[in-house]
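There are two complexes below, and they share chain A, which is joined by chain B in the first and by chain C in the second.
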Partner chain A sequence: MRPRRSGRVIALSPSGRPDSNNRERGIYIRSHIGALPTYILKKSLGALITVFFVITVVFLLMRLMPIEGYFGDDFDRLAPVQREAILQKMGLLDPWYIQLSNFYQDLARGDLGTSIIFRPNVPVAEIIAPKVPYSLKFGLAAMALSLSLGLLLGIFQAREKGKWPDALGTSYVIFINAVPAAVYFLFIQLYLTQLSGLPILYSSARPLSWILPAVSMSLGGIAGYAMWIRRFMVDELNKDYIKLARAKGLSNTRVMFSHVLRNAFVPMVQHLPTTLLMTIAGSIFIESLYSIPGMGGLLIDAISRQDNPLVQALVLIYSTIGVFGLFIGDILMAITDPRIKLEKAGGAR
Partner chain B sequence: MEQPLLSVSDLYIKFSLRGRVLTAIRGASLDLYAGETLAIVGESGSGKTVLTKSFVGMLDANGWVDAGFIRFAGQDLAKYRGDGQWRTIRGKKIAMVFQDPMTALNPLRTVGLQIKETVELHTPLRGMAAKNRAIELLAQVGIAQPEQRYHQYPHEFSGGMRQRVVIAIAMSCSPQILICDEPTTALDVTIQAQILDLIRQLQAEYNLTVIYITHDLGVVANVASRVAVMYAGEIVECGQSREIFYNAQHPYTWALLSSLPQLGIKGQPLFSIQGTPPNLFAEIKGDAYAPRNPYALEIDFVKRPPCFQVSPTHYARTWLLDERAPRIDPPEAIKHLRAKFVEGAACR
Partner chain C sequence: MEEQALFVLAERDVADAERSGYSDYSYWGSTIRVFMKNYAAVFCLGLLIVLLVFIMVQPYLPAQRDPNEIHLSQETFRQLRNVRPGAEFWFGTNSIGQDLWARIWSGTRTSLGIGIAVASWNVLIGIIVGTLWGYVRKLERVLTEVYNVLDNIPSTIIMTLIAYMLRPSISTMVIAMGVTGWVPVSRFIRTQVIIIRDREYNLASRCLGTPTGRIITRNILPYLVSVIMLRFALAIPGAIASEVFLTYIGLGLPLHIPSLGNLINEGRQLMMIPVMRYQLIFPSVVVSLITISFYVMGNAFSDAADPRNHV
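So, the complex of A and B:
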């Protein structure tokens, strides 16, 4: 934006006296939201470049994996010549730059490759697609649980800062973060299933069996959201404008919700989309623990059975989701915080 | 004599700090009359801010009014408990302006909304009517193009402009008393004068009673009709502005006035008060200023001096005013003060 230049244009206009009132009004109001499309364009370009880099790195890393992954159980039974022939047929003996360019071309056509071991010769996309609804279902449930309970807990803690509800909440957060997840999941499986009478293993026919996985999945999220919102709210509470808001005569509740909470959300919105998308994309650990046929469980399977194209495709999907989440976060942040200069690239930090 | 608008008598305010009790205000008494401008002066930690915060119930959570009265509009504010009760006073009848305008406004909401919020809280105006009132207030505190400025965020305002907005917020409910806690400390000198002018102008317009908290005696001389000098949580001398500047009685007031840079003599070090303020955790015996007072009498270390009336409007807490006390001449600098001020007024 170059206000100086536009000023000269107006001054030279034949109408004589420049209508400075309207001009300034335009600049004032548009200075924030007006530059948003340009900002989004810049950020999406950055996101695309990041995804491109991630894709390339993932592809190159996969080439470093042992070649056994391309043969499965047949590896020992095949003669070296036969192996060579198979690799040749898959294009794996071409120079790396040709492989890379083939990979890009396939990707551009939406072809993620075919599975080798997991379900031989089935396109990877066909394997992943039916898994998505499961991950989505549990992800959404866990997201709703952790976001609502986590925010409630955090807000409550901030309100009661320094008193026993705050201490209780903080000990929960510390417990979840300090104890390895496997330990308390084990306890849930050992004791909570008996106490509650809920089934351990997932079964699509028994809705009761959906409760434990969703709850387990949200435990970490609750702790995370509670910790962040509490922290940001306490930060805001110590600021001077809160003193003025109270001196104005606003009630404590009003100050809490219309000033503190709203402002505390700003530092959160940047990371919120990523964490939400990642929850929806499925938990690697929980899905394999409760034998839920989702994407997370699939990734574990694919890695342990060395199905390279499948691993490649899944890592791609996860990393793209991550980058996309950050991109949305940047935009949300720019919308919620008027102090971010949209004109300058990368000004969102 | 007319009835005071707000009357503080023998007020004690205590804070509990890490298990220990600190007495921030010890037996302060003060009357505030409608329409006047009272300046409360004193060094940092003397309790100026705490005293005024207790008028609106904004003491920190670990502080409480231990004894005494704050009479205002037929009520005793010292007995007020809980937010609900305070909100009938806070922002409605007594408003506050804080020291640092850079941080006093919510950075994420437009200036207009922050004023409108207060207007809606304290007046029956809603929606467009409240918005128009907010724009009117912006114009009143001297902000050009208020309609456009209404939609801007605090970071688009300069420090002086923000202080004007804070004042607009304070004025939105037409309060009776405006407490200005060092309103110009964070601003540069030219802006300071503008803000003081603005407050003076609003005062005339709304028949406001203004309390300034400051340690800038220049500001005091400029705006105040009465001055209260605070030391270690009590008001040691109080009187009309002229009486404090030209006929000060308390040695602490003498010391404060002597430290005015304007009174310094070229080539000589500026006067400064020796020692440090007393420890507010400990019980203070006698006159709190005695250990730093070069004119201290023996009784100053034993017994708290009572209030001696100097004139109907002027009193001081010092044993020097007792008839048995030896006559002590105030320091030379103080004697010159009168001449200096007369001179200064002539120049202006």
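So, the complex of A and C:
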């Protein structure tokens, strides 16, 4: 990190010379905090540009959608002239740059368009708003489950490395990662509902019907976190600072929690915001299997009924969420990990 | 020993020195040896080979039926619907009287074909873009921006979108999966290239005036063979899962082209009737065996190909 000039008093050692150790540390902290606003500004500009690009690309791609999706059930009954008139009215026959500029203007006013088939003439925002809470609740429950169980499983595996609990956990991870999710979701719905007597479909009146969807949704996350934290711990436990901590006589638990997990936290912080925001998108499989009225099911409905404006709005929302999540993740990571360089790395690579 | 004897020159045999300096280490030999020690992986490899050979020869075996033929009863001339597995139909028939045994193996051919096509495409494009991205500094800026845009849209969404825009067919499916499938591969290759491109042996090559193309193909890519194979092996189960997903949301292949996704989806519609569950269970078991085998084998191979694991 390049030292920054500032009117700061440099700590002096008794010899009168700047204490090299103190000086480095002082400048380091100083520049780290000082550079943060610039860093955030730079990153947010970058994120905005990316969002702009993504939106434009998605919009242009959407122009290639089958035009049946603009008419609803009337498509077959309309004469070609009528179809053209409708397309004309919707502005779809304009040159692409005019469409694009209209689209930007609508977006700036917060107008995402109007559904045509799914719920005719209802603004997309109005359709989406009541669905978000469902997806959010299930998503958050699943995320809490996968984080807690996944980390526990991974830590346990790392402790029992090479013994049968480790092998068992690894087989679980392999199974979940390899087999298509649709397959094991179906079997969970089929057999676990029979075995446990839990309801087969979701209903807001029965709290028990929450359990299976949330558990199914968390399975993939559990496998992911377990695999990652296991590898992280196995790698980390051989490092010098852990050996030192052990040599100091710290207990195993202490080493795990205040040293290893503290470091594991940093890479996790970067991707948590995206995961968190993406819970809004819901799980396509789970929501349609258990008939939860959330966002994931909405996308399938919109696609199968070919409602172009709805598909477009959903895709735009998901992509923006993705960019935004990554942006927050970068910022959080910069705050939690002082080793990350906020300024552009100089010198030869 | 006499002190004098310690200072007598030993006889030096050149051939002997050569022999002790020689190591019979061979990279591929060691890789295969380490791989063979992983019994689970060897089992999966065997399973896959048997399966591949079987699905290739299955249509030519005696007493095989056409996957799309609708079987009628000899007496009543009605469709033999949902016949349970037995001597006549080994895996039973589906809801319109087609032979499930023939459909499953035909579907396996389709799904594996899609998987291999997608995996080859992803790995090929991933290698090309990844090496350029990592090695050519002028391209780095541009490719990083392209990566940011592509990586930020969830890949399922892009895949769904493309499949939605094009008509369902095998090639559409491969295209939909291939549009973004290469992105993670290229990023992975880029990281590896950046790690090894400034090693001394590459620096030496550059100083000696080796052209860039030759450095990439001779110095860098051979080093990446193991990770490329791993990516290839893992892309196949990924593509099969994507096929199941696309079929599930209604963007799958038409029913006259059986695929594992189609069969699972057909089975799902009948799964609430216990006696008809075989229509879901058979394709699910086949798809699980295939995907798990590729996954286990790929991981075991990449471990075996890592020289640190060679003794």
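One rule holds for everything that comes next: the second predicted complex is superposed on the first by the 316 of 349 C-alpha atoms of A that agree within 3 Å, B and C clash if a C-alpha of one lies under 4 Å from a C-alpha of the other, contacts with A are read in each partner's own complex, and residues count from 1 in each chain.
Everything that follows uses one rule, which is that a contact is a pair of C-beta atoms (placed from the backbone, for glycine too) under 8 Å apart; a residue touches a chain by one contact, two chains touch by 3 or more.
Keep in mind that what you see is a predicted model, and the values were worked out from it rather than measured.
Partners chain B and chain C, once the complexes are superposed on chain A, both fit on it without clashing. With both structures placed on the common chain, the touch criterion links A:Ile303 to chain C but leaves chain B unconnected. Contacts of A:Met278 after superposition on the shared chain: chain C is touched, whereas chain B is not.
Annotation for chain A, partner touching more residues between chain B and chain C: C.
By the touch criterion defined above, A:Leu61 reaches chain C but does not reach chain B. Look at A:Arg246: by the touch rule set out above, it reaches chain B but stays clear of chain C.
Legend: residue contacts after superposition of the two complexes on their common chain; A:Tyr318 is shown touching chain C, with no touch to chain B. With both structures placed on the common chain, the touch criterion links A:Ile174 to chain C but leaves chain B unconnected. By the document's definition of touching, neither partner reaches A:Arg159: not chain B, not chain C. Looking at the shared chain after the overlay, A:Arg83 reaches neither chain B nor chain C. Distance between chain B and chain C in the overlay is 5 Å (nearest C-alpha pair, rounded to whole angstrom).
Here chain C touches chain A in the complex through residues 145, 148-149, 152-154, 156-157, 160-161, 164-165, 194, 198, 237, 240-241, 244-245, 248-251, 264, 268, 271, 277, 280, 284, 287-288, 291-292, 294-296, 299, going by the rule given at the top.
Those residues of chain A that touch chain B in the shared complex are 21, 24-25, 28-29, 32, 239-241, 243-252, 258-259, 262-263, 266, 336-339. Across the interface of their complex, chain C is touched by residues 46, 50, 53-54, 57-58, 61-62, 64-66, 174-175, 177-183, 186-187, 190, 278, 281, 284-285, 288, 299-300, 303-304, 311, 315, 318-319, 322-323, 326, 349 of chain A.
Contacts from chain B toward chain A in the complex involve residues 56, 58, 83-84, 87, 90-92, 95-96, 98, 100, 103-109, 117-118, 121-122, 145, 147-149, 151-153, 155-156, 166, 169, 173.
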